[in-house]
Amino acid sequence: MNNILTQIGIENYIFLCVTLFCIGIFGVLYRRNAIIVFMSIEIMLNAVNLLFVAFSTYHQDTQGQVFVFFSMAVAAAEVAVGLAILVSIFRNIGSISIDNLKNLKG
Amino acid sequence: MTTLIAIVGLGILSLIFEIFDFRKAIIPVTIIGLLAILGLTVSEFNSPESYYNNMIVVSKFSVSFSSLFIVLTIFLIALSHNFYDNHQSKLSDYIAIKIFLLAGAVAMVSFGNLAMFFLGIEILSISLYILAASNRVNIKSNEAGMKYFLMGSFASGIILFGICMIYGAMGSFDIVEISDMSQSAELPIWFPIGIVLVTIGMLFKIAAVPFHFWAPDVYEGSPTLTTALMSTLAKVVAIATLYKLLSAMNADINYSFQIVVVIISIASMTVGNIMALRQVNVKRMLAFSGISHAGFMLMALLSLSTSAGSLLYYTSAYALSGIAAFSVILYVCKNRENEDIVNFHGLGKTNPLLAAILTASLLSMAGIPIFAGFFAKLVLFSQTIQAGYLVVVIFAVINSIISVGYYFKLILAMYTKEPNETRTAKPFLIYAVAVVAILLNIIIGLFPSLVLDLLA
Amino acid sequence: MAMDTNLALVLLLTPFLGFLINVFFGKSLGKSASGIIGTLSVVVSFIVAVSFFLQINETKQAINIQLFDWIQISKFNVSFGFLLDQLSVLWLLFVTGIGSLIHLYSISYMHDDEKMHSFFAYLNLFIFFMITLVVGSNLLVMFIGWEGVGLCSYLLIGFWYKNQSYNDAAKKAFIMNRIGDLGLLIGIFILGSLFSTLDFASLQTAIAAAKGVDTFWLSIAALALFIGACGKSAQIPLYTWLPDAMAGPTPVSALIHAATMVTAGIFMVSRMHFLFDLTPEIQTIIAVIGGVTSLVAATIGLVQNDIKKVLAYSTVSQLGLMFLALGFGAYEVAIFHVITHAFFKACLFLGSGSVIHGLHGEQDMRKMGGLKKAMPITFWTMLISSLAISGVPVFSGFFSKDEILMTAFHHNIPLWVVGSVASIMTAFYMFRLMFLTFFNDFRGTEEQKHHLHESPALITFPLIVLAILAAVGGLISLPGNSWLNEYLAPLFAKAGTEEHHLGTTEYMLMAIAVVGGFIGIGIAYAKYIKQNTVPSEDAEITGVSKVLYNKYYIDELYDSLFVAPINSLSKLFRDYVETGISSLVFGLGKAANELSYQGKKLQNGSVGLYLFGFVLGMCAIISYLFLAQ
Amino acid sequence: MNISLILIILLVGSFATYLAGDKLASKVALFFGLAATGCTIVLLNHFNLGENISYSSQWITLPKVSFALQADGLSLAMILLTTVLTAIIILSSFDNEFKNAKAIYALILFMSFAMTGTFLASDGLLYYIFWELSLIPIYFIALIWGNGDAEERKKAVVKFFIYTLAGSLFMLVAFVYMYQKAGSFLIEDLYKLKLDINEQKWIFTAFFLAYAIKIPLIPFHTWQANVYQKAPTLGTMLLSGIMLKMGLYSLIRWQLPLAPLAAKEYMYIFIGVGIAGVIYGSIVALRQKDLKKLLAYSSLAHVGLIAAGTYALNLDGFRGAVLQMIAHGFVVVGLFFAAEIIFRRYETRLIADLGGIRAQSPKFTSMFLILVLASVALPTTFNFIGEFTVLYSLSQVNIWFAILGGTTIILGAYYMLKMFQHVMLGETNTKTFADVTLSEGLTLVIIIAVLFFFGLYPKPINDLITPSLETILNTINKYN
């Protein structure tokens, strides 16, 4: 493991993850379909997870990998809640486009 | 530590009660339980200690803030009796969720490790998403939940990324180690970036400009009790955590970072107050006032080393008056389709006591003397001037003047308008909560040292 | 000394007591009772005054009584005190003396008025304040009386308060006096800060001692004081209130606006003579103003048809003569004329009152005439007084006026001319008055005609007394050996020098004055007896006489210069400035609201936008913190 | 036995009044008002015997705030004014029928409690707290019991509240700033503070904002006339009689000693402002249609003169100002009460609708006239003493100030007599006007008695206030 890191270099991992993270952000910003927004958020989280792993290898320290489990679990829980909310929205207005959520404003 | 465990236990207990159908007993039991836990927590005040190799660190700071959270939760649960009386079947869920939320809150202020911090904030957030959307049939509630969820998880992503960066820089999640290392001269650039990202995430939670957009919508859409919870408990937790985080990370050393805080704080005050002026929906108005108060609280971050006590004081003052105000709102807007000011017309005649309480809490928020809000502002001003940011104080003053404008809109509606109909019901718990909350507010207003000296 | 104090208090407080009684019990006491009480209270003070007079005349010692500290100023205290010396006692004599006569007169004159008791209350109050003014031992105590008499004249001019035009006259009088009072106050301030005392005695010594004092400030002070005098004694430019003051009941005009109050200015100047003596330029101003006033007032008097208005203007003119004398430092001369004038002018007013009484309120001389037979006593008394005022020899006026003119001649020929012309005119209009009122045949309505009757004894008695005094009053200061001058000598250091030995010039002057007087009378006789002309109706008056009849349009001038501008300014402020400022204040609130309104549009409920803001903020912060540095 | 007793009496009184219920409220309130007055007099006596009647105790450790009440001649004089006027005001409203009377009387006592505190507090923050506290009751009094169109009233009152609050908040900032320097809010520590001229200028301005709005001085006066007009008369009395004096008192107690250099530098400007107020107020008063508004503007003129006197920074100025404060307090309360009496009879305050009252009510007329004369400072009334002393002090600064300020005795006479003429005189009014009732008469008589007594013998008050004023003057002159 270690030598791979030395070959490639931690920076590249960081760039990769940042790129992924930004892709996630742009996804959140530009897509209107709630499901896809969820997925973009997932991309963000997973980018971070990947970075965690990379760092933990870099530091030769397992805490980072443990943390990944935390964040996965949390992400799962979040999505579960999110989907639940989405379902009830779909029940109410029959659409999952977040552009329809404009009753509350001003 | 025991606090945390006890709280979780209590949450589970309330779920079990549901199974055995002791629905009636849930609220009393939880309240009693929480009181017991409060005692337990307070007893830990003078015995700072850390558990599970610094996962949880019990300090004066954590204890005092957790006690505040517990008190607030007690109020909120007491209020929920009347609030949920027409869907009893889910009562235990609501209570349980609130208690778990409290657990998250406590975890957040007493974390010794970023993992704990992350878990805490997620527990808090997720419970809040659920509560916000808890009124399934009401599209507004759904929308509020959805908006909060989307942005909240986005913010969590940012926080997570920040934590990751910090980890990358320090190779550890342990606060103590991190702060030790942060003293050393050369730090990788990731570390400050990480701190900033985490800070931004927390700023979102306390709804500071420009991360505040969610607050008004979510506050308006969510069930009123949830709004109360968000505007009091959630906000307080977030600011306390941010404070702890930054003081642990020695972020106040950096001047340009303080400039950012200054700008954000001024912006929050101003935007919050200006926007609140034209609101007709009371919850929405309080949301904006909450934003401005977030701005005030941020002033505490300008003198990290000294302002723990004053932050505690400000948050308690704010939260208590918020609780009092919301309990009146709960009473007034029960079984109404909205929370517009119209509903408050003539409250001064139909129900002088509650009107007086609401007035008092609003005056406290506006910072009129003998109410705690005044001293809260005073101590913050004093510290900020000491820190050399007179300009912030000037803005704060101007904003306090603006804020009077909309607080008084409500007071005027209560006293000068004719009542549209009379309310007969006099739910005991709401009265009790309102009175106790405002009394506490006045007491700490008259004897600020009670709170101020805790963390001095 | 204690004796004196008590006496002084009696002197001062009996009229006040009378006032209180009349205020609180007047109505229940009934008219006659309240009248008698009022009169008695003044008579008492008169007696006390006489006793003081005898004492002073005996000892030549001024009595100085200090009661208690009144106002504390950092540099000095002002105490409540009385100063009874030749001057004040002299004034007391004729104030209380004529006062009692006029009270007596009023008992009958006001008997038909339902508010008689309040009338007497006011009169007593006036006497009280007048005494305070005269006996005050320092400028501020004098100021109490000064303002007090102003108040009383306000109350009495507006005595028939249902008539708003009377109230206007009262208000005008009060405010014009106030203008003078401000001057007086300023003078007091300056003197106070220069010499840190306001007490007459100590001021005199202080000013005498003070060599280093900047004479500029002294002159300012003197001028300020003189402005005060102008207000009270109706001199140009502040004289216009006096003619309007005739709105009050006739006894009031006699007492306040002829005999006593209006002479307060002369009193004050003579009191402060030690100041004026040091400021010759101010004295010149005084002389000039006095002369001009006497002439202007006389010219106006020529054409007035209201019997009281004529007397009013003659009063102004006579006061002008007195100031003329003051201007030349001839205080005792001025005082002499004050006294004689008090006699004959009071008599004239009361006489006119009796006429008006006889005609049931008619004041227009064009509707009188031929009253000689109907009311002989009134006629004869008024005739004597008219002779006196016209300066016909042996009558009192002759001596006093002659003294003034002589003094004027010795100092300043042009002013002497002015004075002489004024006195000729005086002779003319006084006899115009007499002829129009008493000669030829009655021009009033039939109904009035057979009600014509002589007034009752209570009215005629004071007339007779005053007429006698007017006739013989001159004796107190005969040219050559003047009792008055000697009496006042201790007061006015250089009084003696003013004494003129009677040389040819003096006799020549007397002759001129007398001839002038007779010329005036003659013209009047020719015009109103020979040709038997009657002044034309207001509408037909034209040319110069129109200007005169309208008093040179001075009132109109003042209105357009001061009153109107202030009022329109007030309107401007009220309607525009006030609203302007307040809308400025509201404007801030409005602006905030507008901002809020715009802000609501930003909060448009779209998650996308919110997140965009979020990210934007985040980028801004990061770029500021990391990319900028 | 110390001065906190007065505060206790008033506070207890306000609760007791509220509990007493609508029937008894006025009586109970009057009782406590008189109790406070009596207590004040007793304490005054102790004070004159040289006893120390001040009270001080630690309150908040951090920031260091102590509950310090200090009684010197000046504050005692003001308290005497407050308590006596409170009693008078309560007495004056005996003939009014208020809805929810217990509340309004309780508020009155509470307000007088707060104002007393303001006059007593010798700790900056305590002072500020009382200062703000006094705002709440009058806000509700004016809002709930006021007269005229509700919307208009609301606008006026809210403007008043926000405006005054705005001013005082800047004062708070100034206090906090000084606290950072001095490490304490205690007045003596603040007096010891040596700030440089620029700091002083800022502090002076901050204080000036607070006081100029409260007093009010032009151009910060726009709230005044409307609120005076809209508030119920006893509210107006509280405002004009006492509350406005808080501002003037604070000039002497706080602003000038804390920023003496600035005060000296700006002296002429602020005297000018005061005198401009005199002239402006008098002129605006001339053409007012509403009796209460007219009185409001007359009050504006008078306080302008008082403020000018304080800014003259000499003993006479201070002394005259304080005397005039007290005198004006009484006379203005009397005048507003006269307006109220008329309103009770005729249900209007429009001068145009009045007139011809004198014939029907000799007693009322004479008392009203005396009050009018007092307010135009006729000698032997208390107001003359004050006005004379103030004008004298101004003449010490510059004779022109005295002359311009002196126009008040002309213009004042003009608008007051004009008002009197059109309100009271003229043809007998068709509507009958009952003469004063017992309580009305009593109230007016008391006021008039006070005015005349001190008009003839101001020495007691003079001796009371002079020493404290001298100490303050010394503080002001500490720099040179």
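Some points to look at:
Going by the order they are written in, the chains are A, B, C and D; count residues from 1 in each one.
Just so we're on the same page, a contact is a pair of C-beta atoms (placed from the backbone, for glycine too) under 8 Å apart; a residue touches a chain by one contact, two chains touch by 3 or more.
In this text the structure is predicted, and so the values were computed from the model without any measurement.
Each chain gets a centre from its C-alpha atoms; the one nearest the centre of all protein C-alpha atoms is D. Here A-C and B-C were compared by C-beta pairs in contact; the pair with more is B-C. Averaging C-alpha coordinates per chain and comparing to subunit D, the farthest chain turns out to be A. Put simply, the C-alpha centre of subunit A and that of subunit C have 99 angstrom between them.
Centre-to-centre separation of subunit B and subunit C, using mean CA positions: 79 Å.
Mean C-alpha position of subunit A lies 67 Å from that of subunit D. Subunit C and subunit D have Cα centroids lying 37 Å from one another.
Of all residues in subunit A, those that touch two or more other chains are 25, 28, 98, 101, 103-106. The residues of subunit C that reach two or more other chains are 589, 600, 603, 605, 607, 611, listed in rising order.
Touching of two or more other chains is recorded for residues 146-147, 150, 154, 216-217, 405 of subunit B.
Pairs of chains in mutual contact: A-B, A-C, B-C, B-D, C-D. By the touch criterion stated above, subunit A contacts subunit C in their complex at residues 25, 28-29, 32, 98-99, 101-106. Those residues of subunit B that touch subunit C in the complex are listed here as 146-147, 150-151, 154-155, 158, 189, 192-193, 196-197, 200, 204, 209-211, 213-214, 216-217, 256-257, 260, 271, 274-278, 402, 405. Subunit C contributes residues 600, 603-608, 611-612, 615 to its touches with subunit A in the complex.
Listing the residues of subunit D that touch subunit B in their complex gives 59-63, 125, 128-129, 132-133, 135-136, 140, 143-144, 150, 154, 158, 161-162, 165-166, 169-170, 172-173, 176-177, 179-180. Taken in their complex, subunit D has these residues touching subunit C: 159, 162-163, 219, 222-223, 225-226, 280, 283-288, 314-316, 319, 356, 358-359, 366, 373, 378-380, 385, 388-389, 391-392, 395-396, 399, 402-403, 406-407, 409-411, 413-414, 417-418, 421, 425-428, 456-459, 462, 466.
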